[in-house]
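There are two complexes below, and they share subunit A, which is joined by subunit B in the first and by subunit C in the second.
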Partner chain A sequence: MKEMIIKKDALMNLLTGRADDCQVFAPVEVEGSLVIKEIQPGDEITISSMNTKASIKETFFPQRERLFSYDLSKPGEMKEPPFSDRKRIVFGIRPCDAKSLTVFDCVFKGKDYPDPYYIDKRDNTIVIAVGCNEPSTTCFCSDTGAGPFSTDGADLLLVDLDGSYLVRVVTEKGESFVNENTAFTEAGQQQAETRDAIVDKATKAVHAQVNPDKVKKKLDDGFDSNVWDIIHEKCIGCGTCTYLCPTCHCFDIVDETTGTTGERLRIWDSCMYPFFTLHASGGNPRKTGKERMRQRVMHKFKYFVDNNEMVACTGCGRCVKYCPVNLDIREILKQIEVS
Partner chain B sequence: MNNPYLPLQARIDKVIMETEDRNIKSFELSFLNKKDEENFQFVPGPFAELSIPGKGEAPFGIASSPTEKGMLKFSINRTGLFTEAIHNLEEGAIIGVRGPLGNHYPVEAFENKNVVIVSGGFAFTTLRSLTKYMIHDDNRSKYKNITVIYGARSPGLLLYKDELREWEKRDDIDLHVTVDAGDDDWKGKVGFVPAITKEVAPSAEDTYVIVCGPPIMIKFTIPVLQELGFPPERIILSLEMRMKCGIGMCGRCNIGSEYVCKDGPVFTLAQLSQMPDEY
Partner chain C sequence: MENLSKEIREAVKKLFEEDKVDLVIGFENGSLPLKATPCFIRNIDDIDRLVWNSRCENNLAVYLTKNKGKIGIVAKGCDSRAIVGLMQENQIDRENLVIIGIPCGGMVDQKKIEKSLQEKEPLEVKENHDSLVIKGNGFEETLKISDILYDNCMSCKHRNPVIHDVLIGEPVEEQDDVDEFAGVKAFEEKSSDERWDHFVKQGEKCIRCYACRNACPFCFCEECSVDSSQPQWFGKSIALSDTQVFHLMRSFHIAGRCVDCGACVRACPMDVDLRFFNKKIEKDVRELFSHEAGIDPEAAPPLNTYNTDDYDDFIKS
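Our next item is the complex of A and B:
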């Protein structure tokens, strides 16, 4: 894989300089939290050892997205939102979030029904991820097929070498970005050695905790297992895990009107909510927390694997970190593994 | 790129009150755009998302047969906010249609075979489509005996009453209409669908059976069919689930790894027995 070097301040200048001709999204500190937002003049891009509180999901699959708008006084007329070919740069996301885009690609770039809203954003975006020199205690990315320096889903993967970044060129898109900018120079042998040491140290820091293959084997005939009676008990069904999860993509479609104008919207929804599957007849195939927890775990570690040969979890650890009742998906998976 | 969320526009040409409790209406639609009509190709079994701006959208099985050119029919039970809104629409109103969505009844496999249709209540919609399709002049010779067993709680709750009378007169379709409880004018069969199925006792030899109805009817009909010798591969069901997108993305209609909207709604009993019991 081709590797380049760029000084950190040169890259920051390059990114803020591009904000005129493209949208640049990067982590910025807002009210004490690290969030990914579109960079405005004066914003300071912050790469710290902490991951952003919310994932990159919003940038490709917004929480509230207009599918089309209409005027109630003009039946039959619908206006699609403009699909622009404005280029976008996403900088500073972690490999776990970059990996989540490969999960989303399976869902929204399928051959039967390609989703124009997602594809428009995805195809116009260059993803520049930054590897994790210091993984957190909630990280388990190595277990889910990613890892602190995984290149999956990224066009460029950066390794922090203190004053500069070593740039791994992953895709053609990444290659042309590098070629367009003279601030990138070829990496040398010494930098490659430093990179090896960093990657090695970080990879060792992410302790192996769950084995998705073994979990999958259990889940293959584990639908009626007693384990489901236990693991959901603590869950209060708040849905925080699903909102923060970079791979959860369940949504609802609703209409909103003001006066005679209205919009059809796609909004995030959650399999942890009882209304999610409630039939008009009153029946509900996932009546209690047990069925809903089972669905969430099964979807990520069995159903999605059956359909896409990939677990729908990137090991980012947000659900572990922010669960209000300290449910830990790693513990759940371990329980399943030994059930 | 084709936008799968944009509804096609159709006009409501005809509204028919089907049942005496005034809860089920049939809506006959035609597309505003001729091109949409040409592109809307289907084989009986799929559903479509009907859509009213400001109210939302919901999935309904297609009750018309593709042999009924230029007309799309939906029979809708008034049960929630959206179906209430549809019931309030009058002839001439414009409505959105997304579809056809989902798979279809395996009509190719039915060729040179006997076909038995067992249905109860307003689940008869896509089976009306299938029956109309199979008894159409272009198709009838492809199938051997066609038996239809259809039941409702009372005579007034039967759908498509005029058509049932027409089918009754034909000698190329063996029709058994039953009600749970008759009234003074009712001269037909009285009894639950599973019991009537047992009484009619269609031969399982060289025969496909399609079962569609309320869960309780299905629960008691399946053992009857198994007793008659129908193998699970030739027992076909059509499922319902809460759906939003209808294209396998929004995440609520799956049973295990299968999405009812995309991989269904039509499944064989053999397929269902491999899937988790979550429907």
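Our next item is the complex of A and C:
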């Protein structure tokens, strides 16, 4: 893999300089929290050892997305949002979030249901991820097929070498970006050695905690297992885990109207909500927390694997960190594994 | 803390032996160093899982409306007030409930700890009488518990359970001198523009995950108005007006019921300042109806009753 070097200052200048001709999304501190947002003049891009609270999901699959608007006084007329050719740069996301885009690609960019809203954003975006020199104890990315320096989903993967970044060129899109900018220079042997040491240390820091293959085997015929009676017990049924999850992608479609005009929106939904599966008849196939928790685990670690040969979890640890009752997905998977 | 954990286990053991409970809801150590987590004990062999420390932050009363049978519950001051509130609203089978009350010195605010550690990650936590010793890679910090309590714990007036069948440990001193409404009063002093700005900022942070609602012991409605689709009272998206109305609705619905346990604030992943809504309403209810939620099981909550001399100045003739 081709590797380049760029000074951090030079990269920041390059990114802020591009804000005129493209949208640049990066982590910025807002009221004490790190969020990914489109940078505006004056924003300071912040790469810290902490991950952003919300994932990159919003940038490709917004929580509230207009599909089209209409006016009932003009029957048959629908206005789609403009698809733009405007280029986008996503910088500073972690490999777990970059990996999540490969999960999204299976859903929204597959053969069966290509989604123009997602594809528009995805194809116009170059993803520059930054590897994790200091993974957190809530990280389990190595278990889910990624890792602190995984290149999956990224066009460029950066390794923080203090004053500069070592840039791994992953895709052709990444290569063109590097070629367009003179601030990138070829990496040397010494920098490659430093990289090896950093990658090695970080990879060792993410301890193996769950084994998705073993979990999958249990899940294959575990639909009626007793384990589901217990593991949902303390869950309060909120959507924190699903909404902070970089891979959860279930949605609802709703209309918001004012007078004769309205918008049809795609909004996030959560399988943890009882109304997610409420039928018009009043029946509900997932009546209790038990069925809903089973669905969440099954979707991520069985159904998605059956359909796409990858787990729908990147081990980012957000659900672990932010669950209001500390219901840790790693503990759930361990319980399933020994069930 | 170890002693109190031990005392809880002994009390629960006795309850199982005397066949007074089928299920005990308490706390066990969580999966992260700073976390304790709710646990459900159905078997006397599992009682050693039970712990007590300054991270037992959830309001366990939220589980009472979801479980049936003979239940024992570990209840700190605010949990006990929520239980009283639920009794007032006929949501509890008191005959089959054993309240294991525990005087509480306040719960530590995870976000305040995170802030004081900056970006250092805690790997090990030890709790002494009045401090937490937090260790991580290459650091050890001692934080005084009273400095890092949740805001609502700092102004809590009912640290001792207001109702209990078994009491663990010794009663703690109440914070009689603290003005629990100081924050609300300061907020009331602000101009309407400033107050509106704050409301907008909070609304913009909300992601409609409903962690606040679901962590609240008083949000036990089978169908929340925000979920209803026929009729649809609320827009379902994160459009600002809808998040704002959701929070207004919730605040008004828990008027005279909210016991300021802080469960909603603790549950919110987006740091929405939910307490400012609820505490303001609590103050209004106190001033207008002389009612303090969750104290007297026989009292009727103000929204469930009326008196002919109730405040009605807002009715214009």
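Here is the rule we go by: the second predicted complex is superposed on the first by the 339 of 339 C-alpha atoms of A that agree within 3 Å, B and C clash if a C-alpha of one lies under 4 Å from a C-alpha of the other, contacts with A are read in each partner's own complex, and residues count from 1 in each chain.
We take it that a residue touches a chain if its C-beta (ideal position, glycine included) is under 8 Å from a C-beta of that chain, and two chains touch if they have at least 3 such contacts.
A quick note: this is a predicted structure, and the numbers were derived from the prediction, not measured.
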*In the superposition on subunit A, see if there is space for subunit B and subunit C together, and answer fit or clash.*
fit
*Check whether A:I267 is in contact with subunit B, with subunit C, with both or with neither, and answer first, second, both or neither.*
second
_Partner chain in contact with A:R64 - subunit B first, subunit C second, else both or neither_ = second
_According to the stated criteria, A:V320 is in contact with first (subunit B), second (subunit C), both, or neither; which is it?_
second
*State whether A:K302 touches subunit B only (first), subunit C only (second), both chains, or neither.*
first
*asked:* Contacts for A:D328 in the overlay, against subunit B (first) and subunit C (second): which applies, first, second, both or neither?
replied: second
*asked:* Between subunit B and subunit C, whom does A:D252 touch in the aligned arrangement: first, second, both, or neither?
replied: both
_After the superposition on A, what does A:T137 contact: first (subunit B), second (subunit C), both or neither?_
second
*Using centres of C-alpha atoms, tell me the angle at subunit A that subunit B and subunit C span after the overlay, to the nearest 10°.*
90
*asked:* One more residue to check, A:S48. First (subunit B), second (subunit C), both or neither?
replied: second
_In the superposition on the shared chain, how near does any CA atom of subunit B get to one of subunit C? Answer in angstrom._
6
*Determine where on subunit A the residues touched by subunit B overlap those touched by subunit C, and list them.*
252, 254
*Which positions of subunit C touch subunit A when the two form their complex?*
30-32, 35-40, 58, 62-63, 115, 119, 121, 123, 201, 207-211, 213-215, 227, 229, 235-239, 266-267, 269-271
*asked:* Considering only the defined contacts, which subunit A positions touch subunit C in the complex?
replied: 31-33, 48-50, 53-54, 63-64, 136-138, 233-234, 236-240, 242-244, 252, 254, 256, 265, 267, 270, 273-275, 320-322, 324-328, 330-331
*Contacting residues of subunit A [partner subunit B, same complex]*: 67-68, 70, 72, 75-76, 78, 80, 107-108, 110, 112-116, 119, 223, 249-255, 257, 262, 264, 266, 269, 271, 276-281, 283, 285-286, 291, 295, 298-299, 302-303, 306-307
*Spell out the part of subunit B that touches subunit A in their complex, as residue ranges.*
1-7, 9, 32, 53-58, 79-80, 83, 93-94, 215, 240-242, 244-245, 247-257, 262, 276-279
